[in-house]
Amino acid sequence: MRLVIAAQNISTFSEPWWKVFYDFSLLTKNIDTGLHNAMSPFWTTVTEMLIIGVLILLFYALVGLFLVYAERKVCAFMQNRLGPNRVGPFGIFQTIADLIKLLLVELIPIKKADKFLFNLAPFIVIIASFMAIAAIPFANGLHAIDLNIGVLYVIAVSAMGVIGVLLAGWSSNNKYSLIGAMRSGAQIVSYELSVGLALITVVILAGTMQFSEIVEAQRTGWFIFKGHIPAFIAFIIFLISSTAETNRGPFDLAEAESELTAGYHTEYSGIKFAFFFLAEYMNMFIVASIAATVFLGGWMPFHVGHWDGFNSVMDYIPPFIWYIGKTFFVIFLMMWFKWTFPRLRIDQLLTLEWKYLLPINLVNVLVMAFVVLMGWHF
Amino acid sequence: MNKTELGIFIKSLEQDCRTKEGKQFTEVIVPSSKLHQLAFQLKENDESSFDFLFCITGVDYGQELGVVYHLRSTKYGHTVVLKTRTADRENPHFDSVTDIWKAAEFLEREVYDLLGIKFINHPDLRRLFLDNSWGFPLRKDYVDDINIVTK
Amino acid sequence: MEEQVKTTGINEQEEYVINMGPQHPSTHGVLRLVVSLKGEIVKNVEPHVGYIHRGIEKMCESITYPQIIHLTDRMDYLSAHINNEAVCLNVEKALEIEIPDRVKVIRTIMAELTRIQSHQLFWATFGMDLGGLTCFFYGLRDRERILDIWEETCGSRMIVSYSCPGGLMYDIHPNFQKRVKDFIKYFRKTLPEYDQLLTGNVIFRERTMGIGKLSLEDAVSFGVTGPVGRAAGFSCDVRKYEPYSAYDRVKFNEVLFTEGDTYHRYLVRMEEMRESMNIIDQLIDNIPEGQYAVKMKPVIKLPEGEYYQRVETARGELGVYIVSDGNKNPFRIKFRSPNFVNLAALNMMSKGFKIADLVAISGSLDLIIPDIDR
Amino acid sequence: MRSIYNYLKEVLMGVWSLLKGMKVTGSYFFSPSKIVTQKYPNNRNKLVMFDRFKGEVIMPHNEKNEHKCTGCGICEINCPNGSIEIISKTIATEDGKKKRAIDKHIYRLSMCTFCALCVKSCPSNALAFSQEFEHAVFNRALLIKVLNKPGSQLMKGVE
């Protein structure tokens, strides 16, 4: 009954409906007040959390399905192939068919495996990526939780996935898995540093860790243009190290198909494997959207100085489209890397981090601080 | 050295062997006891320097079992064929040449696997393709009623 | 006599032993490598073979010489035509028949096409072993063009069975010359892409340079031939030192390097593709007129004796040793397969390197398992 | 200073080599006309195999249901795998003589290695290769084929 009242409140909308696409806070505030009128603050919060949870879950599944399809199509076109083309027009339902297959596949129990940890591992991996998605601003006002330490939160939470990977490798009682997990541990721990430092470069420029303010600061120009040289270097480093952090090629040593068959998830089948698979793609989506938010202006449209006509045209494109476009641009770059380069060896991977990325990054932070201090940024 | 000179030269190294000038290569028939000694000399001697062992073949001649070594010198480009035989079909054995040419390790294992010829001082003489329950299939008296179908 | 058969003693407590294969993505078939590791570092590699041992040598003892040809296709299936040629040359040598020039030239062209497609597949799978999956598709895409040429002329795509004692099974197809020329033109344009994608790539160079070194001395002692030997400076090209077919009338260089590491093994193959194209260029317009086969007796009997013929396949020196007792079947036939001998060097080459390097090294040996097992 | 220069040069050269590789894959990504995939079962109607393609051994019959096989058995001898078996019978010819002719020319597709020795060795050119390549069946027994059609006869003039 109360929900009906809330719904009635929401339906009385003061602005034209399409305004919502430019400022989602209109809708969210409306829902909030509607719910407040209908029920107590406690139940309001619970209902809101439920709604957001369901929405994120839906979004998660949809994006995961789409990314798998996109990856297969992108790699197919790069390899002179057609890619999936049988299920549905252009094979768009291929991933759904795969999902159904994965759901129906038998879950093979492993002898002498640590049953509890074995079953726990995929959940840890997927929860880590699930938590990170909460802090990402999708559009103007479409932001589950706007932490004032958003950048720090995302770094911290996304690093949690490595525990799942380590557990998976250790508990499956498989030598290949163990090697894969150990590689992954070494890799993620080192590349965390670069990811963090690359983001700190931008935090220096922005002067805040809150995602909403970082985006707002880019209203007059994206950070990659504002911070010119150091920001561009930071962007490149972020791309490399975040690719490594998500265990994607050319840094996919943890699963290294030609060396370790499938690395840490060799022994997983069915839906548990699907969790790892989905988490990999969602991690890619998360790092891509952070790159888009921090370097490419998030949902901010592309503005050029005083070209007011051009800027107003750009403003007509809804923020959500901008955000998705930028994110997929970064994702495309990462796919392009994966399908072009051969894999690194574990010692080269660590050499790249400690001998190349880290020194460059440290110098870059200093340069950025200097640029900000002297006011040389735009 | 051409084929004739090579034959004379090898004869001078080892008195017990018989040399024959084949159509293609010089062939040397050497008693099994002298095999290792001659092989060592052929490798180390500067005039022959047969450093490339490219083929070891085990042959079942019916009554006798034999091993054929094809050697080539990368320095001079000449080739020689060493042949040795044994009449012992129960426990045939020759000296291994793995200490002279490393290539012999696998090639001798193959001969052991398929013909049952043992090589003394071989570092790792195990069966290569087949497991221990098999006979020695390349011997002429090998019978396998299930897998060998003759028309 | 002391029992010489010894079983392997692997100390499970001290070494981390993993089984690579028989079903492993990078062993290219059913090769099984028992790898002892210390952390990621390879301590010992022990190849176990025989998973597809078919006893071709035994089978050959009960069939006639023309029938042997189709079995040799199935040893090194990527050098199928060259294997055919080896047996044919040996039989022809034993019977002392002079084969027409036309046959010699066509066989040479086919052999060089075989070499190119084999190296293309090597490039494809080597890239895949190192994690660059796109290479696989580019390599196979270009290889498909050669397979189409074969399909038109020989009737099969890979297992061609095109040579027979005394000549060829059929004459070349009227389109053959045009298609080969088209392919050479196309591939000269595509080969630089291979270099851009892999050869020059900094990750690839880091992964392969200085990995799996083989000195010249070891190369000769292990008897490794083909690109593996030539990368170490071992001049072992049969086409040069014992020319057969039409190789004595073409100009080409033997590709030699001295480093002997994985990168140079790769480089030898890339250069050999260029050399092969040069050979084809010299021959394709000069195929002499004449018969495509000599009339042979219906039953071929080799005179009593021993015959050895070696040819250069894409992987090294293939020797065919026939002991004949005058019958229509060989008394004993032995194939000295290059892969089998090259495999022996794997353990020495990969000791002390990482497990990822083992994949690169075994990839650079370009092993074909049916050729090892036979 | 020199070492810093070398370090930077190394980094830039490395990045440049990576970019060259990305150029190759990128250029293919943006030129879909170079796609080589053939959608096989869909293009079945347009698919033309080469004349010499060794699909399976067949015995061509003319419109009067006549073939050229005399039943001499040379193909059976030449086959390395024993995939051909000829069952012959004796028939009486028009002028009263008894003559050998084939009853069944059995061809085991499952054992065939497509070496073409039978086709090549046949003295009366009775065998040929068809361009059929879709050999998959659900029952192995279907792979044992009888090449001469029921009721067929030897073509006139073939001995």
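A, B, C and D are the chain letters, set down in written order, and residue numbers restart from 1 in every chain.
Keep this in mind: a residue touches a chain if its C-beta (ideal position, glycine included) is under 8 Å from a C-beta of that chain, and two chains touch if they have at least 3 such contacts.
This structure is a prediction, so every number in the text was calculated from the model and none was measured.
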item: Required minimum of steps from chain A to chain D, each step between chains that touch; value: 1
item: Longest centre-to-centre distance from chain C, chain (CA-based); value: A
item: Between chain A and chain C, centroid-to-centroid distance (C-alpha), Å; value: 47
item: Chain A and chain B: spacing of chain centres that average the CA atoms, whole Å; value: 65
item: Gap in Å, rounded to a whole number, between the CA centres of chain C and chain B; value: 24
item: Between chain D and chain B, distance of the C-alpha-averaged centres to the nearest whole Å; value: 41
item: Shared-contact residues (touching 2 or more other chains) in chain A; value: 78-81, 339-341
item: Contacts with 2+ other chains: residues of chain B; value: none
item: Shared interface positions of chain C, touching two or more other chains; value: 134, 141, 197-198, 201, 203
item: Inter-chain touch pairs (all); value: A-C, A-D, B-C, C-D
item: Partner chain C, residues of chain A touching it in the complex; value: 75, 78-81, 175-176, 179, 183, 249-250, 252-253, 256-261, 339-348
item: Chain D-touching residues of chain A, taken from the complex the two chains share; value: 74, 77-82, 85, 336-337, 339-341, 356, 360
item: Touching residues (chain side chain D, partner chain C) in the complex; value: 13-15, 17-18, 20-21, 23-25, 36, 50, 52-54, 78, 80, 113-117, 120-121, 129
item: Residues of chain C touching chain A in the complex; value: 16-18, 24-26, 40, 127-138, 141, 197-198, 201, 203-204, 206-207, 354-357, 359
item: Chain A contact footprint on chain D (complex, rising order); value: 11, 18, 21-22, 24-26, 28-29, 32, 34-37, 39
